[in-house]
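Chain naming follows the written order as A, B and C, and within any one chain the residues start at number 1.
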Amino acid sequence: MNNGLSRRSLLSLGAGAVAASTLAACGGGGGDAGGEISKDAVKLRFTWWGSDARHKRTQQAIDLFTKKYPNITISGEFKEWNGYWDSLATTVAANDAPDIIQMDELYLASYAERGALLDLGTAAKHLKTDGIDPAALDTGKVDGKQYAVPTGVAAYSMVVNTTLLEQYKIPVPDDSTWTWDDLKRIGLEVSKASGGKVTGVQSWGFDAGGVNIWARQAGATLYDASGKVSIPPAVLAGYWQYLLDLAKQGIAPAPSVTVERAGASLDQSGTATNTSAFGTWWNTQLTSLSAASGQQLKLLKLPTNGQAAAAESPYYKPSMFWSISSRSKHPAEAALFVDFLLNTTEAGEVLLTDRGVPSNSTVRSAITGKLADTDKAAAEYLATLKVGAAPRVTPNGASGIEAILKRHTEEVLFERRTPQAAAESFIKELQTEIDAA
Amino acid sequence: MSALGFVRKRDDKAAYLFLLPWFAGLVLITAGPVAASFVLGFTDYNLIQPPRFNGLENVTRMLGDDRLHHALGVTFTYVLISVPLQLAAALGLAMLLDRGMRGLAFYRSAFYLPSLLGSSVAIAVLWRQIFGAEGLFNQFLNLFGLTGRGWISDPDTALSTLIVLNVWTFGAPMVIFLAGLRQIPVMYYEAAQVDGAGKFTQFRRITLPLLSPIIFFNLVLQIIHAFQSFTQAFVVSGGTGGPSDSTMFYTLYLYQRGFHNFDMGYASALAWLLLIIIAAFTALNFWAAKKWVFYDD
Amino acid sequence: MTDLKERVTPVPITVEAAPVRRRGRSLAKHAGLGLLTLVMLYPVLWMVVSSLRPNNVIFRSPGLILDGLETRNYGEGWNALASPFGHYLVNSAIVVLGCIIGNLVSCSMAAYAFARLDFTGRKLWFAVMLGTIMLPIHVLIVPQYIAFSNLGWINTFLPLIVPKLLATDAFFVFLMVQFIRGLPKELDEAARIDGAGHPRIFAQVILPLMLPALATTTIFTFIWTWNDFFSQLIYLTDPDMYTVPVALRSFVDATVSTSWGSMFAMSVVSLLPIFLAFLIGQRYLVKGIATTGIK
């Protein structure tokens, strides 16, 4: 008897603790997003991830805004990528999330579908989106609602080191016609010409962009509209077979070197250290890469497989998004601030292309004159690219796709799994995560 | 031991007075979150929405979770190899650096310096300077005409580099050993010398028994610490536990489930399994301690 | 033990047979230790050297040879974030100081009770204490955050310092317990016969004797708090309150070019206080029983 009683009281103690967290999770809704802008003092919290250069620019933009609206103060909370998501998850769990949240495509659905983000449609009075390319704007929709607005867009590209090619007397390929086989051939020439010091290609297989493009070139998609993993195993196996070939034929570095560089920062990559002639990157990373490399880098369109579907396989990837917490007490003011960041040339001239080529076309043309040459090249690349419809937003539960992808790529490169087996395992694991969410 | 055998009365009142801050901390700070994590272990909790009870689902899930079993294997390997190595290095150097040599302060500080880096982000970059493809270790191998590889990023060797990293930061147990050695009265050694005991006898008969509470402390804590090892693997592998899960420590896996996959209910259940494992090891340690740890009471 | 004590007379340190052989051995010892030091310190040296290189050549130049001295990183790193780096150093110092005081006072009190007092439930509470360090922080942080948030403590140093004042750092309690149990018991029994109560025995007999343990606690609390990233990241949301580890990490973003030079420079700067703390602290470490006059 005694035992039963103590067990029950223990249970109620635990229940109390859970009740506390439950309370926190559903307590207090947000303010009125469509209301008037307050004349009283308003305090907003704004959080983002990035490096010190971004922190500086963003703070400048905040200062411009608060000068315009002296009753609004904004505290800018900057974090690095990993800590950012730990901190965001914790604050959301405790119902203490910042008002304005920089959001990534991988996590958008995970937060939106669980009700953590404000439907920006309700804040349309303060946050205008008509200056934004509809195709780009659509990337911020989950279940038909606009939960996030892209800050800027980027596209997948092949970065080539023309200084190296010149040095080895290899012509720069024509990117309007080249195929994956061409890349292998040219890459091998580079590896041979350098005597192994420089490899032709820096292997990829660690970010979702590459898989997306590969699937689209084959006329498939990574996820279907309902959020199921829909890439055919054979297509995915072909992707890994290609990477394995690159490593085995000496076109890309040895697996351990490839994995080492993939895990390091941009500055330590093969492209940045001039040890690989070709590498896949988002076009907006050209400036950072050029600064690190010190040599001539150029953006090329990705090679294709020659199939018809490949023509429209490129797509605009939102660099990142602005979103607002659904529990913000001042959603109207938060929306006003996002509008300022997004749609004013004032802010655009400070932020430039730090968060991608601006998605607002007026801002984009206004800042072109202020851009560095490499940023101009990135903007031009985007303008000349023929893009198809954006892929479906990463489904709720699939935010860990890059970790799963990376692990399978490593298993293929170290030949612990065949490309075929890896493809099946990858699809199964990713689908399980989506189903569990 | 005591020559004065007076009757001790129980010191309950004094004890609870001395323990007052600790009890306050236990009740006010520790108990709530611990209880919450226990209850959350029986829920499906994605951090954003309220938790939902799912009974023993998390437990049955553990049984079939291959990556969890793999993480357990990695963690056990790490604990069983790195703890003895690190303690041996720490004790050996502590004795060497205890007394009677010039420049002791310098060496002590130098050996401690790596431990100061702690969980700094710089560790990831620095470790690559040693065990990366172009690192110091490969340059050393080159001298003998051998070609290395990226030791950190090869699944066959990645765990070993983390073990070396752990041994490299032996500063903390070394300092505790040093402090312990200093507590041994010099007179014991002096007396032993008078009796003609050699260095080895002195070590076996004086140092080991008198240092045993400290050795025991280091052993218990380093085992607990190693089971919870997180930061170094996190920093070196960029949070992934890679390559190919070869450095997927238990806590890292738990963290990934909780924060990256919004799976905090399962993560809480995992934490309690870890607690049971660590508690078992600690209990074993305390049981074994009766045979070899010498207290003056 | 008492007979040992009686036998203690000043004994001349026995001189080994041949002084030449001895010097040779000592030289070999220094050479060995020197080499070991060099290998162990290589990564640290590399960091110092890199902090003196222009940002864009750090990963393109191997080894430790410097082409020139680039001190710009220090100035740029100091001013790279929202506040000058000194601001974060001060914040860290405040947290560290609070934690040191907390750990020294509360852990030594708890340790005295566990080591020397005979009370009901001693074994049970000791097990509970050890149990509290067996759960990983990652599952405790969310409920803890909710609790502190209800108290309005988020974005203050309180969630970092108050737990230390309440002896939640079981590591140090256990450490001090082991040290106290290593002290000869005759000492406090003698004091007790003289009529001293527990507070006096604790303050006047035990505390002075456990100076090495207190020094160890101070050094470790300093270093670990100075380096602790996770809880400081979670509890300090406003950059004004950021501490050194949180600030240091915000230099790095893997997807863009990072100011590695500035990051390394500030890492070196933030290493200095803990290195100094260690240099000073280690002098107290070696002031054990051997030198405090207890013979």
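Please note the rule applied: a residue touches a chain if its C-beta (ideal position, glycine included) is under 8 Å from a C-beta of that chain, and two chains touch if they have at least 3 such contacts.
Since the model is a prediction, treat every value here as computed from it, not as a measurement.
Across the two interfaces under comparison, A-B and B-C, the one joined by more C-beta contacts turns out to be B-C. The most distant chain from chain B is A, comparing centres defined as mean Cα coordinates. With centres taken as mean Cα positions, chain C sits 39 Å from chain A. Note: centroid distance chain A to chain B, computed from Cα atoms, is 36 Å.
The geometric centre of chain B is 15 Å away from that of chain C, both derived from CA atoms. Listed for chain B are residues 32-33, 36, 40, 47, 121, 125, 238, 259, 264, each touching two or more other chains. The multi-chain contact residues of chain A, meaning those touching 2 or more other chains, are 17, 20-21, 80, 86, 90, 93, 264, 268.
In chain C, 141-143, 147, 229, 249, 251-252, 254, 260 are the positions where the chain touches two or more neighbouring chains simultaneously.
Every residue of chain C that touches chain A in the complex is listed here, in rising order: 56, 58-60, 80-82, 141-143, 145-147, 149-150, 154, 229-230, 233-234, 237-240, 246, 249-260, 262. Across the interface of their complex, chain A is touched by residues 32-33, 35-36, 38-40, 43, 46-51, 121, 124-125, 128, 132-133, 149-155, 237-240, 242-245, 256, 259-264 of chain B.
Interface of chain B with chain C (complex): residues 1-4, 6, 8, 10-12, 14-16, 18-22, 24-26, 28-30, 32-34, 36-37, 40, 47, 96, 99, 101-103, 105, 107-122, 125-127, 129-130, 134, 136, 168, 172, 175-176, 178-188, 190-191, 193-194, 210, 213-214, 216-217, 220-221, 224, 228, 230-231, 238, 251, 254-255, 258-259, 264, 267-268, 270-272, 274-275, 278-279, 282, 295-297. Residues 13-15, 17-18, 20-22, 25-26, 80, 82, 85-86, 89-90, 92-93, 110-111, 114-116, 253-260, 263-264, 268, 397, 399-400, 403, 406-407, 410-411, 414, 416, 433, 436-437 of chain A are the ones touching chain B in the complex. Interface residues of chain A facing chain C in the complex, by the touch rule stated above, are 17, 20-21, 24, 45, 47, 49-56, 59, 75-81, 83, 86-87, 90-91, 93-96, 98, 264-268, 272-274, 285, 287-289, 291-292, 294.
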